Amino acid sequence: MTLRIAVVGATGYAGAYCAGLLARHPAVALTQVVARSQVGQPLAAVHPRTAVPLPLTATVDPTGLDAIVSALPHGVGAADVAAWVAAGVVVLDLSADFRLRDPAAYQRWYGAPHPAPALLAEAVYALPELHAEAIRRARLLALPGCYPTAAILAAAPALAAGLVEPGVVVDAKSGVSGRGRSPSLGTHFVEVNESVQAYAVEGHRHLPEIEQELAAAAGEPVAVTFVPHLVPMSRGLLATAYARLRPGVDAAALRAAYATALAGQPFWRLLDRPPATGWTVGTNHCWVHTAVQGGHAVLSAAIDNLGKGTATQAVQALNVRFGLAPDLGLRDLGPMP
Amino acid sequence: MTLRIAVVGATGYAGAYCAGLLARHPAVALTQVVARSQVGQPLAAVHPRTAVPLPLTATVDPTGLDAIVSALPHGVGAADVAAWVAAGVVVLDLSADFRLRDPAAYQRWYGAPHPAPALLAEAVYALPELHAEAIRRARLLALPGCYPTAAILAAAPALAAGLVEPGVVVDAKSGVSGRGRSPSLGTHFVEVNESVQAYAVEGHRHLPEIEQELAAAAGEPVAVTFVPHLVPMSRGLLATAYARLRPGVDAAALRAAYATALAGQPFWRLLDRPPATGWTVGTNHCWVHTAVQGGHAVLSAAIDNLGKGTATQAVQALNVRFGLAPDLGLRDLGPMP
Amino acid sequence: MTLRIAVVGATGYAGAYCAGLLARHPAVALTQVVARSQVGQPLAAVHPRTAVPLPLTATVDPTGLDAIVSALPHGVGAADVAAWVAAGVVVLDLSADFRLRDPAAYQRWYGAPHPAPALLAEAVYALPELHAEAIRRARLLALPGCYPTAAILAAAPALAAGLVEPGVVVDAKSGVSGRGRSPSLGTHFVEVNESVQAYAVEGHRHLPEIEQELAAAAGEPVAVTFVPHLVPMSRGLLATAYARLRPGVDAAALRAAYATALAGQPFWRLLDRPPATGWTVGTNHCWVHTAVQGGHAVLSAAIDNLGKGTATQAVQALNVRFGLAPDLGLRDLGPMP
Amino acid sequence: MTLRIAVVGATGYAGAYCAGLLARHPAVALTQVVARSQVGQPLAAVHPRTAVPLPLTATVDPTGLDAIVSALPHGVGAADVAAWVAAGVVVLDLSADFRLRDPAAYQRWYGAPHPAPALLAEAVYALPELHAEAIRRARLLALPGCYPTAAILAAAPALAAGLVEPGVVVDAKSGVSGRGRSPSLGTHFVEVNESVQAYAVEGHRHLPEIEQELAAAAGEPVAVTFVPHLVPMSRGLLATAYARLRPGVDAAALRAAYATALAGQPFWRLLDRPPATGWTVGTNHCWVHTAVQGGHAVLSAAIDNLGKGTATQAVQALNVRFGLAPDLGLRDLGPMP
C-alpha cells in the first residue's frame, strides 16, 4: 500500500518535520507540500534537511489523496478541514481546533466561537495509546498538543487504576521549538538562553485537553493545575505530575499499575530511572517513571515535543489509522547521545 | 571598618565566586584563600576572573580573622568550624552541616552521625530575609542551600499568612553549576545539554531544610514534596511551589500578603510577571511571583543558584552580621541581558 | 566630579547594558534614557536588571549634559550627533557612523552617502588601548565595533612590531547578542542553538574598520580576510587571527612583543593559555594569547561582545575622556564561573 | 546479504552511536557489542536510545564475523586489529592508529612507536569521497578523524584543481562530543557552556592527517596551520579553510571546480550559502560552500562530528567496502530543525 498524502503548513517546524518524515516513510507518497509563503520554492530550499524537492503550493488539491496532515495554527484551517473530510480524505489536524469535545470550552480558551462545531462529534482525540480503536475508524484525527501528550501519558494510568485522588498538579518544561518558527522576543536566543521561566501560570490553553482526557481515564472529573515552563533547549518536553496517593497505595503498587498499562506499547515505555528529554529527541518515544514522595505520586514523562508531541505522533496515528505497523517510518535512531 | 576574612574551599565554584566577591567588597580584606589542591598557586591562576593574587594555602590561620567563609562539602569541615568558632571567629558555613536543628534528621539524610552536634543549638539558619535578628548575634551562620533559598522565599509568606493549607509541592529547576566543579557524567556537557530531567524524585537532601523552615513560617508542620530538575544552563534556579488555597482566598489576597511580607526587602522582590532565572544571574536578587490556578497558589521564585543561592547570600549574611549596608559589595549589574 | 549623562537607544541590548552600568558608576549621574518605543515606561520595566527607574523619553535634551551615549543603529543618529556636538556635549557613538575616516568607504559598505561627513575629520576611533591621547581631547568618540575590538587587539602588536607580514586572516566567533534585540529568524533560538555557521563570507561591514586600524598600527596597508561566525551563546566574542611570520621570528619574540605592548594596560591582558570567552562575560577584559604554528602567528583575543565589544568599552572611553580612573564603574566580577 | 558485525568500544559516544546505526541497518546483523566496563549489561541499559538488547562482552569473537568496527582510543586496539585482520575479518578502525602512512609521524604526534607498523602499508584512509576504489579492496579501513574529514572535504577540490597556493589555514569549530564520554574539566558543562576557546594552537594530532591527504590531493606538499576550537554544542563541526588564490582565479572558477568535484557524491554537497552545522546533525552529510574574499578562497564544510566525522562515515565506508548502496542505513531525517 502506498498512501498519497499532503502536508499543509509545511514550512513551520511541525509541518516541515512531518513532511521530512513522510518523505522517508515506506508506505507513503508525499505528493503535495502547501504553505502560505515561499510558494514555488522546493521545500528543500527552505528546509535543506527534508531533502523534499516538491515545490510549495498555495493550496491543496484533495483529489486522489488518502490523507492530509494539517499543521496550521488553530482557527485557520477548520473550514478547510471540513471540506477535506467531506471530500473523503482522512485529515490529521495538528492544531487545537478539534481536540475539545465541548465547543464552549473552545470558545472560552481560544476566544472565538468554534469554527466548525458540526465536526466535533466525530473528531477523535488521536492519542494512539488511549484511543487506537477510535482512530482506526476516524475521518478526522485531532492530534494532541505536546504538553497534553506528556501530561496524559504521565498521569492517566494512576488515575485509571484509582491509585491517586482526582487532582493533579502538572509542572511541565518545554524546549523552545514548541513556540513555533515565527520570530518573537519570546523565541530570541538571548532572551531564552541560560534561563528558565514559568508562563501562563493562571491557565494555559492546553489545560482543558488535559482535564478532558484525564477525566476520561479516571471516570470522574479531575482538577488539574498545569504550569508550563520554557527551558533553554530546542527540543524536548518533560511533564512532572503530582497527585495525592489514595490510602494504602505504595510505590510498588503504583509502578505495577504502570507496568500493566504500558505492556505491549511500542512507544510508551516505563523506565527505572527518571527520563531525560534528551533520550527522546528525534524519536516517537514517551519514557515514563513513577515514584512516591511525601504522600504524592511523582509521575514524569519525557518526549520530543516535535516528535511524540507533534510530528512523529501524527505518523504513528497515520499508521494506526491505515493498519500499518505502528513503528513504520518511525525507526530513526536520532542524534544519540 | 575592614573585616579580615578567609575563604576555605576556594577553588570550587561557590568558594571561588565568594572569594571574587569579597576581594571587591569595600569593607572586606580577603586575607587567605584555602584549598586542598593547587596549593601555592595564586587563586587567579585557577580562576582568572577573580583576579585574586593571593596564593592558595592548605590550612587557614584564624589569628586576626573576623570571619571565615567555609565552602567545603558537608561533613568535611565541621570539626574545623567548631575550632574556628571557639577561636572567636564568625563562621559562615556554606555546607549542609549546621542547617538542620535535629541531629537525627542530619543522620537520616546525610548517612552519618552529626559531626559536631554541640554547635547545632547556636547555629543560625542564615536566610537574612527570615532570620536577620538571629544572624546579628550569631557566631555560626549556616547558609541555606540553593534549592531551599528559592523554595522558602517562594512559599513562606503564603504559609505564614495562613492563606494555603500546610502542604506544598515544590518543583525546582536548577542550572548545572549546582552540581559543583568535580567532573562526572552528571555534569558532562553532552549528557546534560539539550535535555531536562528530574532527579532525587523520592527525596532530596534539601527537603528537610525546606520542611524545617516552612514549618517555622507556618507555625505548624508542613508536608513538602520536593522534586529537583536539572536544566541545561550554567546558573539559575527556579522554584515553582504549589499549595492548596484555603477557602475564600483569592489571587488578590495572596498577592497582597506577599506585598506586605516583602516590603522593604532589598533583594526579595515581588514581580508582576513570572520571573526568569536569567534576570538574576550575577546578582543577589530573588524575584517572586504569585498566581492562582485550579484552587492552588502558584508561587515562583527565581535566583542565581551561585548568587542568592550561595555566594552572594553569604556576602549578604556577612553584611547583616556585621551591621553593614545590606547591599554592600552586592551592587554588580551582572551580564545583562 | 559627577558627569551628567544620557543614553539614547536605551532599550536595545547595548544601550540598556550601558544605562545599567552608568547608573552604578560612582562619577556619573544618568539623567535621561531615550528610546523610540515604550516611551513613558521606566527603563526598569523593560529591563528589570538595570533597576533604572527613569522613564524612557522620546528625545534627549542636551541642556546640562556632559555626555551622550548614542546606541542607535548606523545611519539613524548622525544628524543628532552633529547637533549634540555643536551643543557642546561629548558624544560617544556606538554606531558605525564615525568609525571610518574615508566617507567613500562608508558609502561602499553601508550603501548610502555618509550622513555627516564634516564630522569625520575630528571623530576619534575610540579604542582606548590605541588612541587614549586622542580620546582625551575628543568631542566625538566613535566606539569600535565588537569584531574590530577583538581583531585589532589580537593582531595590532604583531604588525606594529613588524613581526608578521601585512596580511591577516581573522576568523571570528560571536555570541548571538551581537545581532541585537530585534527578533528575526537569525536570532531565533531554534535556528542558532546547537549550530555554528559562517556568514558574510564575502566581506562584512566591520572589515574596513579592521583594515584601517591595523594599517595604522603597521604603518603600511594590511590585507585582511575577515570571516565572522555565529556561535550558540548569548555573549562572548573570540577573534583568531593568522598572519605569516617574517623570517627569523619565533614564538618567544612574538610573545615578548605582546608583553611589551600590553604592559600597564588595565584591561588588555596577555595570558599563557588560549582565552575562553566565558572568562570575560560581564567584564571589560580582553584576554590575548600568542602562538606559532606552521609559519603563522596564531593570535587569539577574547572579549564580551557587549562588554569590551560595546558597553563597558564606552564606559572605559568615558573614563579616559574625562580623566577618571580607567576602571571606575568597571570592577564587576561578572558571573563567575 | 547480511553482514555479521561486531562493535568494539561500544559504550563510548562513537561506538554506541555506531552500534545503534548498525542495529537498524537493513543489511547488517549486529552480533556482538564489546566494552571494557559494564560487561554483562545490555547496551540498551547504558544507552537506552540504541535499543540494542545484546549484552556487552569483554572480548570479541571474530569467528564468523564479516567486519569489526573498532572504536577504541588510539594505541589501545592496534594489536587486536592485526589479529582480526589476520583472521580474515574486515576491520573499520575509528582510532588514529592507521591513518598516517609514516610511522615516524605517528611517533612524533602520538608519543610512542607505532604499535603495528607492518599494517600501515595496506591500511586505507577510509574517506569514501576520495578513496572509494581503495576501500573496496581493503582489509583494514582507517576512518578519518572528525576534524580531518571536514578540513579535507573543504579544501581538497581547490588544491586538486590548482586554484589555490599549497598553504591552508584551517580554523575549525567542534561540538563537545568530540572530546568523548569520559568526564573531565574540559567537558564539564559549566566550563564549556556559553564560551568558545581555541586549543592545541601549536599543533593538534589531526594536523598530520590533514597535511597527508591535502598533499595527496594537491600532488605536492601543502603547509597547513590548523587550530581547533571548542564550541558550546553537543554535536557538529565546522571547518573554515583559507587559502591564497592563484592569480586569475575568481569566485566563479572556484565554485565551478567544486561543482565538478562533488558531482554525483551522495553526501558531499555544494550549497549556495554557508552551511550551519545544525543542518547535519544525525546525518552523514557534509555541506560545503565556497567564497572569495581578500585574495583568499574561503572554504567551509559542516558535518556532524559523530556522524560524517565518525560513526555514519564508518557505515558509509562499510557500504562502499561491501558493495552496498551508499546510503543504506543512512537515510535518517535527524532532529530537524
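As written, the chain order gives the labels A, B, C and D, with residue 1 at the start of each chain.
Convention: contacts are C-beta pairs under 8 Å (C-beta built on N, C-alpha and C of every residue); 3 or more make two chains touch, one makes a residue touch a chain.
Note that the coordinates shown come from a computational prediction; the quantities given were computed from them, not determined experimentally.
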item	value
Same-residue or different-residue interface between chain A and chain D, half as cut-off	same
Chain whose average C-alpha position is farthest from chain D's own	B
Between C-D and B-C, the pair with more C-beta contacts	C-D
Gap in Å, rounded to a whole number, between the CA centres of chain D and chain B	46
Geometric centre distance via CA averages, chain C-chain B, whole Å	36
Separation of chain C from chain D, taking each centre as the mean of its C-alpha atoms, in whole Å	38
Chain C: positions in contact with at least two other chains	13, 177, 181, 190, 193-194, 232-235, 279, 281, 337
Chain D-facing residues of chain A, complex	13, 16-17, 20-21, 24, 47-50, 177, 181, 194, 234-235, 271, 279, 281-283, 287, 304, 306, 331-337
Chain C-facing residues of chain D, complex	169, 171, 173, 175, 190-191, 193-199, 201-203, 223-227, 229, 231-236, 238, 240, 242, 251, 274-279, 281, 289, 291-296, 298, 300, 302, 337
Chain B contact footprint on chain D (complex, rising order)	13, 176-177, 181, 183-185, 187-190, 192-194, 232-234
